[in-house]
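Have a look at this one before I ask anything.
Each chain gets a letter, A, B, C and D, in the order it is written, and its residues are counted from 1.
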Amino acid sequence: MTSSYGSIFKIQTFGESHGPGVGVVIDGCPPRLPISLDEIQRDLDRRRPGQSSIVTQRDEKDDVEILSGWRNGVTLGSPLALLVRNEDHESGAYDHLENVYRPSHADYTTDQKYGIRAHEGGGRSSARETIGRVAAGAVARKLLHHTANIEVLAWVQQVHGISASYDIDKISITDVEADPTRCPDPDTAAVITEAIEKARKDGDSLGGVIQCRVRNTPSGLGDPVFSKLEAELAKTMMSLPASKGFDIGSGFNGVTMTGREHNDAFELDPHGNIHTVTNNSGGIQGGISNGENIYFRVAFKPTATISSSQRTVDTEGNEVHLEAKGRHDPCVLPRAVPMVEAMACLALCDALLRQATVDYLSID
Amino acid sequence: MTSSYGSIFKIQTFGESHGPGVGVVIDGCPPRLPISLDEIQRDLDRRRPGQSSIVTQRDEKDDVEILSGWRNGVTLGSPLALLVRNEDHESGAYDHLENVYRPSHADYTTDQKYGIRAHEGGGRSSARETIGRVAAGAVARKLLHHTANIEVLAWVQQVHGISASYDIDKISITDVEADPTRCPDPDTAAVITEAIEKARKDGDSLGGVIQCRVRNTPSGLGDPVFSKLEAELAKTMMSLPASKGFDIGSGFNGVTMTGREHNDAFELDPHGNIHTVTNNSGGIQGGISNGENIYFRVAFKPTATISSSQRTVDTEGNEVHLEAKGRHDPCVLPRAVPMVEAMACLALCDALLRQATVDYLSID
Amino acid sequence: MTSSYGSIFKIQTFGESHGPGVGVVIDGCPPRLPISLDEIQRDLDRRRPGQSSIVTQRDEKDDVEILSGWRNGVTLGSPLALLVRNEDHESGAYDHLENVYRPSHADYTTDQKYGIRAHEGGGRSSARETIGRVAAGAVARKLLHHTANIEVLAWVQQVHGISASYDIDKISITDVEADPTRCPDPDTAAVITEAIEKARKDGDSLGGVIQCRVRNTPSGLGDPVFSKLEAELAKTMMSLPASKGFDIGSGFNGVTMTGREHNDAFELDPHGNIHTVTNNSGGIQGGISNGENIYFRVAFKPTATISSSQRTVDTEGNEVHLEAKGRHDPCVLPRAVPMVEAMACLALCDALLRQATVDYLSID
Amino acid sequence: MTSSYGSIFKIQTFGESHGPGVGVVIDGCPPRLPISLDEIQRDLDRRRPGQSSIVTQRDEKDDVEILSGWRNGVTLGSPLALLVRNEDHESGAYDHLENVYRPSHADYTTDQKYGIRAHEGGGRSSARETIGRVAAGAVARKLLHHTANIEVLAWVQQVHGISASYDIDKISITDVEADPTRCPDPDTAAVITEAIEKARKDGDSLGGVIQCRVRNTPSGLGDPVFSKLEAELAKTMMSLPASKGFDIGSGFNGVTMTGREHNDAFELDPHGNIHTVTNNSGGIQGGISNGENIYFRVAFKPTATISSSQRTVDTEGNEVHLEAKGRHDPCVLPRAVPMVEAMACLALCDALLRQATVDYLSID
């Protein structure tokens, strides 16, 4: 629990937003996986602040250092420790937050839980905490791709009331990265950009929905009871800052279908392989992947940090008004896309390696 | 992973639907918790088949036996093992399913994962698997109530397109248990009953949404990173058979709000205690409970087992048509209510006991 | 922690000595392992009371029932639950122990830990607790043998001051089972029998040393840091009732050798395979098996239950004298042999399956 | 498993001896524990090379940096990450080891396990791996002392055939640190020093026995089955490099006592508190501490690295002779003393925090 995830491919993250650094230790990555520093940095760069005009303008380079477990471009089988130093220490910017609870932030609950709190930048509840996840996710992504050609791709589907339309089977990473919004539909991306810019000017913020699709998942991944593959995906997605909902396949929309409409009939493809005619299951049946594409949605609330004046209380129990300072994302979704992908990669990678133990008696 | 859940209050379930029995071992329940056999049986009775005309008519009494960890009405601190024997062995009823993959069931994926399958009644993917969860959940529920007066209550909010309306703050267990649908709004309950009866006659099935509310949760429960309280709730809910979606607080509906609308301002109540004016957070902020009511929704798909003829393939790779026999639930939601409650109790109970270790230095 | 062991091949035991039953749930056993009820019962029969005149004369048949995870002679991949009912309820025999702390037993510490205690027969601290371990160990033993021909064999090497001599490379299960003492040296076995009989008559008890040897272990098992193979063996052995010491290879005797004498030189065998000339390492180097035979010793104290009068205190804090009644082992070693084997099988089986995840990128 | 230990106070170590650095992440340390950088550095200084003439002359300062989880002298409740940079990169000194397997080292087994190996300095099997343990152990030590005044003290009892004599009840840290051998008996320390110096000159090495004593342990710590307190101590001690044996209380020597001699009678002290007259149990009964002093021994083999010429094989399968270069410890025991203490602190600290969950219903 706490700051670790996974049963075989286990990650342990650490770091406050304004301490010396943040990072992750991956324990259980198989040896001899080829992976470069660039492959890890690439996902961190997609996550970092200051990428475009619609995200926070803090300038953090987030250069990653591999401390252990890696040599000459391959993993050693020992723990992979990855460290990103914190650089942009403007802790003075947080002085006004030391004694006040920001609405819908973790300030109050952190105090209630621990009786102590690193107020600068949110401490452990800062979005910087996700750096360790994204770095570990890049390693998991490589393992998935290297061993099974599995591809995990997420994108912004909706911001506030603005929804994108696209051919889901054709979306590529190029489409997603083509626009700073990470919405693969250029027309919608433009409208979203405008809405985000407007929210920022208004001292307000926006939420939305990210969609994720996993291609080439082999059948048989996931456990039938508590660690159903969708349960692990749900946990990992709902562990991301600001996420409020998760659904898979037909999801919440499927409740108005009948069983006859919803069931995914099996058929044989021209090669004699078993497939489903429809995919309301979202690629998972009984908690176990069936070989179809996995797809799911994650709902994100509007960013809690806004620059408008808000009513709140301070740590002494006085009612006060707060005007947040600092540079914040008016909409977290563009930067949440690599986080969603990272967590999906981690859940899948762990399931893939667990399956090696289930398959043990099949190996000749 | 696999069939266990929890870090301190750990449960390990076991059992196939048509083997000798199903059950659970709870390891980590504190000693000296008063709990009677009746308190466990009560939740099992709410889960069991044959309760009413709108659920499956199989007659299973599901009498629970306490094998260990309990003596004279209190727990001993040692593992609590709970066993329910399987009684209604009509395995002949499943002969026609031995070589065929039921659409949207776990038959195909189980074969892909394990290379072997107990086809009678779905084996480990049967809803009987939830007996162990519900029995363990009853113990967790008692612990929550005994130590912190926490109350976990779920009900049917929607079936197919039919939604209930009610005053959420006033719903009690009596309201929920008043009708076999477990919908606390009597008018809606009647319409739902009619819809379910019709679906059964049509050889079809219906899905819906369950709502759950947790009252009296102390602030400070839940972890700030991977085991955010909502992440554990999401995992446990998405691990239930037929669930397809989870959201908390404002959830998917919150994405069309702006930050200014969505943020929950803090205020002081007349006693000087900190509260939030609104509760879009659903009682959890930054993964940690804030003392407000926790509420979340779970979407369930229409039951996969329908009696209409369906297109599928058999284990030999032939395309066939399947007409399911046996007695099944045309809608899982009424029986899923105690399952949702059980899983919520398990997630909360584990968080409560974990917090005892966080609070360690506060105890004088 | 508590009553579970293992990371992949995980066992969860349960049961008090005088409750309804004792048993184990194994989660993570690969599917399609052929194993019969007899193979499990066989090890339980080696552990059970009443086998011979030198062990306790309680008559417990300890018949095992498989509750789940098994069908037609093979495992299903789901949790294997194994149950043994308690039959010989002479709880009246323990009435005199309700309010008194037996010296060197767990009575006092159990009360201190839990604030409650099932005093009959020691509750969870009874040797009956090992039934679950031995049953699970039989499954692990089969997996080790089935997949890698690994053989785990233990025997009584020493009782009190009486040590056996034998050719360690030639000892077989037949030699061990030839005598009720489980000492493979017939002359020593006779002397040991005499000593145990005398101790019983004197109302006293004896301790000793069990030796265990693991043949055909593949190289590469075990982890380099906290889960060194010898560390897992040490933990599992020191978790057995009455064990007081563990050493591997040269062990405590190796401390008087110099490095030059102690180091195991590598050489090539006639087939060009790497072997060590000596085996002071005991088959494990740096926590990882090297392919040589693994061997270790476990020290057991004299049984705490003796019929002589002993000085002690009662639960009210009075100094009293205790004369234990009931039927007890004057020497635990003969019955501890299958327990040592079971725990070694469990540690090795878990290491074997973990290695499948390390080898993941090697599988083509 | 792998590089993590603990269930509540969990540590995750990382680092190869010749990579960028080594360290540890502690997850589960309660918030508001006062601890200074100096308190951590102190134990690292006792572990580091170059302290005296009888240990390796490599000059490594091993300065620790706290990366997270700590602020203004107290813990935050979030993961504590501790990093020590590797400074003394003389990797050229290991070139001659790239293709050869050092006898009784982990070179061969590491290759067999992982199919890859960082040959410089032993990689993950280097004694530098223990830096993370010792750093984490210092935090655990502080927690034990701060909350329960528990004191963990180890010392060198025997080197080769040379044993110390002392009054075990009077040994203090001052006695242990008075001599570079960490043997608290000055006369024996002088003889040991001579023996170690001689072994170094001879290109040979020596082993020995470390004794550890834990004072002020409250009763009730430890679990009754697999995580018996002595089982956790055995695991942690046998996970240290070069350890070959562990025993507790009477240990291997107790096997020649009878039950009547061995049992620890209970008595009342003048204050009416329950104590044992003798302490053959070593402070633990049935896996649970009884409030008496805990004491145990750990056997260490002679250092595997010796400068004499040794017979071995290379990675190509040729028989060769090896003459090790570099600066090594002719006897690991003086530097192993803080490692033994660290691992004991970690095992005890985890047991202490676990007990908080057992005691949950006692807290009013």
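Rule of thumb we're sticking to: a contact is a pair of C-beta atoms (placed from the backbone, for glycine too) under 8 Å apart; a residue touches a chain by one contact, two chains touch by 3 or more.
Not measured: the values here are computed from a predicted model.
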Next item on the list: Pick out whichever of the two, B-D or A-B, is joined by more C-beta pairs in contact.
Entry: A-B
Next item on the list: Please identify which chain has its centre, taken as the mean of its CA atoms, farthest from the centre of chain C.
Entry: A
Check: Just how far, in Å, is the C-alpha centre of chain D from the one of chain A?
Finding: 39
Checklist line | chain B and chain D: spacing of chain centres that average the CA atoms, whole Å | finding: 46
Next item on the list: Round to the nearest whole Å and give the separation of the Cα centres of chain A and chain B.
Entry: 26
Margin query: Give the residues of chain A touching no fewer than two other chains, as numbers and ranges.
Written below: 2-4, 7, 13, 28, 31-32, 77-78, 113-115, 124, 224, 354, 358, 362
Notebook entry, point to check: Which of the residues in chain C end up touching chain B in this complex?
Noted result: 2-4, 10, 12-16, 19-23, 25, 27-28, 31-32, 65-71, 74, 76-81, 83, 113-118, 123-124
Margin query: Which stretch or stretches of chain A touch chain C in the complex?
Written below: 7-8, 28, 30-33, 77-78, 146-147, 224, 353-354, 356-363
Margin query: For a test of understanding, state which residues of chain D touch chain C in their complex under the given definition.
Written below: 1-5, 7, 13, 101, 103-106, 108-110, 112-115, 124-125, 129, 158, 160-161, 199, 203-209, 219-228, 230-239, 241, 243-252, 254-268, 272, 274, 276-277, 280-282, 284-291, 299-306, 308, 310-313, 317, 319, 350, 354-355, 358, 362
